Amino acid sequence: MSQKVAVYRHEHFNAAHRLYNPAWSMEQNDAVFGKCNNPSFHGHNYELVVKVIGVPDPETGYVLDLKWLSDLIKREVHTRFDHKNLNLDTSEFQQLNPTAENIAIVIYNLLRPHIDADKDLQVRLYETPRNFVEYPV
Amino acid sequence: MSQKVAVYRHEHFNAAHRLYNPAWSMEQNDAVFGKCNNPSFHGHNYELVVKVIGVPDPETGYVLDLKWLSDLIKREVHTRFDHKNLNLDTSEFQQLNPTAENIAIVIYNLLRPHIDADKDLQVRLYETPRNFVEYPV
Amino acid sequence: MSQKVAVYRHEHFNAAHRLYNPAWSMEQNDAVFGKCNNPSFHGHNYELVVKVIGVPDPETGYVLDLKWLSDLIKREVHTRFDHKNLNLDTSEFQQLNPTAENIAIVIYNLLRPHIDADKDLQVRLYETPRNFVEYPV
Amino acid sequence: MSQKVAVYRHEHFNAAHRLYNPAWSMEQNDAVFGKCNNPSFHGHNYELVVKVIGVPDPETGYVLDLKWLSDLIKREVHTRFDHKNLNLDTSEFQQLNPTAENIAIVIYNLLRPHIDADKDLQVRLYETPRNFVEYPV
Amino acid sequence: MSQKVAVYRHEHFNAAHRLYNPAWSMEQNDAVFGKCNNPSFHGHNYELVVKVIGVPDPETGYVLDLKWLSDLIKREVHTRFDHKNLNLDTSEFQQLNPTAENIAIVIYNLLRPHIDADKDLQVRLYETPRNFVEYPV
Amino acid sequence: MSQKVAVYRHEHFNAAHRLYNPAWSMEQNDAVFGKCNNPSFHGHNYELVVKVIGVPDPETGYVLDLKWLSDLIKREVHTRFDHKNLNLDTSEFQQLNPTAENIAIVIYNLLRPHIDADKDLQVRLYETPRNFVEYPV
């Protein structure tokens, strides 16, 4: 067995979004995205759980400092997305439908360069308490 | 002691909103409402807990049928507000700032006519797991 | 303002039950109780929150010892109802429909004699995370 | 790294059950299953989390539509088991002890034919907030 | 019915404590406080819910700004008690046993001067998810 | 696909601790561990989830008896760590910094000898609802 340990940090942000494919008609978007295609937007309290896997440092007993991870998430994710309209206010979702799947991939890509290459990273995103996603798997 | 019992039903809806006072300047709105004044809107998973107080019917043991209460909430609240922009898509918040306080009062007023007059009604609304309100008190 | 403080203890038990009125026809019971009238029973994880209000003892800083309250609940409630069929296995619900309202009243009556008369007692019972009741009010 | 994403949907149902092995004596069943062998049954609020792993559709950004998954769970699981006695009212547990492990395997087998073969499926079932199982692993 | 609304803010802090009465013998303290009398201390994640009741301001729709309330709690409570030993590191519990009851009263008294006199204040403190208190009642 | 199933049991304990490296100066410890280096200690409600993977016994339908697992955790973990100061009262953390990572590894090593060798074991430990770890991965 490896001595690798996974550490997790739970953060959150609130945002508005609309799900639709601009290449489709309104009817096709309604058929696929239903109420999520409301052109006036709707919104969520996104709950974000970031997981990092690594070997604890023998001097500290930490895989990494979760305070540092919390600050990283605040800087890279919270500043970008909290109290924002994902479709209108962000560069990341100008061309990308802000489904939970795509938001999780975007958040992973924002955080990955800041985590040491010998550590694994995974993102879990709750769009609601009943709908959530995980990336990568 | 009275034989009155309180019964509660928990439902939820997702919506976008923006907090601002149209009589104020953008600067004044930013100073008071901060990020909540984003003109592109942001959003929440609203969790709604409806409380009804009454004497259980001796034949059923129910204060009221919680399935009926759940259907009432779906019809009066969910249909109006779920996956909506509270500022743009609803008549209730055309002139009223959609703070959690005001949303709770509006929901109370929507439900009150449908609950027997001899029963008390109270609404608790979670805007986030950390911010919530209750009306009346 | 009084120096009264409320203290709460959260416990749980699992039980089966069926809701029906033996004076009614099967059709009438189905109309009122729906799936809860299944003659083979269904069940719940009941979550129980017991609240006691009193003045903290100046020598201990306790309204009462919550370990003692936990033991009382185990003895009076858990032993009677946990992993039981409320309709078949208990004396309390031989003549009484085991709705959440009635279960809460029964639990209150079981606990009340064991709590000092100068302290108030209230019971909250979750039948599910979405349906719960409180007695007295 | 693959672009696979896991999506989850949380549903629930309430049921009664009894754990026992009909090939054993009452004493042996009591020794192994304890209070869970109550012949009058007991019950639970089962919380069910269904996980599907796949590559998001580039046109929708969805691994699959979670509304569709929710409807599938309601049709295949909720209709069969909600407000039922698993031992008496279902064909699945006529010969099979309704432990959480076996219920999870049964639910997996009910859902698997309806999920595309190139997607992975996993079921997590909470019998109580403190006891839960996952299948497959 | 009044137009008063209750607003709530949820915060948290972590601390160590020991429960004992210095006027008593070790045996008497063990008899009353059990494991909580460990002279080396033990600790908790305290979850704090602060409730303020008032009439929403007609210009803002706020009873008060929950961001302001959150900052107040951080300044008055978090700075004093987070990651502290309540018995050793604080002036408030030099002479006062840090039971949940007494901690709630102390927190109420710290916050009360900062809340307008026409508003009511109540504090709920979770010592664990299973043991919690409320003051005043 | 294998017929292996994962079963989980959720328990909890409360403890005090201090994070520091005795080979370092107070300044270096403050720089790395911040408030967690308080020499008077602070504390947490640790929530512990133990996962065991195995093939259900065909006679019982159990991977193992979760009541047995609960008793094992109480005996090996709760007795050692509940209402204790991890630094002062335990032999395990005399030389080992009681970070969540190290506590999880220690708990794994305490439980592993008691679980059949053909079963896998994993420990998840919540130091707070927002910070948690898992071992092994």
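Which chain is which? They are A, B, C, D, E and F, in the order written, and residues in each are numbered from 1.
In this section, a contact is a pair of C-beta atoms (placed from the backbone, for glycine too) under 8 Å apart; a residue touches a chain by one contact, two chains touch by 3 or more.
Keep in mind that this is a model prediction, so the values were computed, not measured.
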item: Both-way neighbours, i.e. chains that touch chain F and touch chain C; value: D, E
item: Self-contact between copies chain C and chain D, residue sets same or different by half; value: same
item: Rounded Å distance between chain A and chain F, as computed from the means of their C-alpha atoms; value: 28
item: Centre distance in Å when chain B and chain D are each reduced to the mean of their C-alpha atoms; value: 33
item: Length of the line joining the C-alpha centres of chain A and chain C, rounded to whole Å; value: 41
item: Overlap residues in chain E, where contacts from two or more other chains coincide; value: 129
item: Those chain pairs that satisfy the touch definition; value: A-B, A-D, A-F, B-C, B-E, C-D, C-E, D-F, E-F
item: Chain B-facing residues of chain C, complex; value: 19, 21, 23, 32-34, 96-102, 104-105, 129-137
item: Interface residues, chain D side, partner chain C - complex; value: 12, 14-17, 35-36, 38, 40-45, 82-85, 88-89, 128-129
item: Sites on chain D touched by chain A in the complex; value: 1-11, 53, 56, 59-63, 65-67
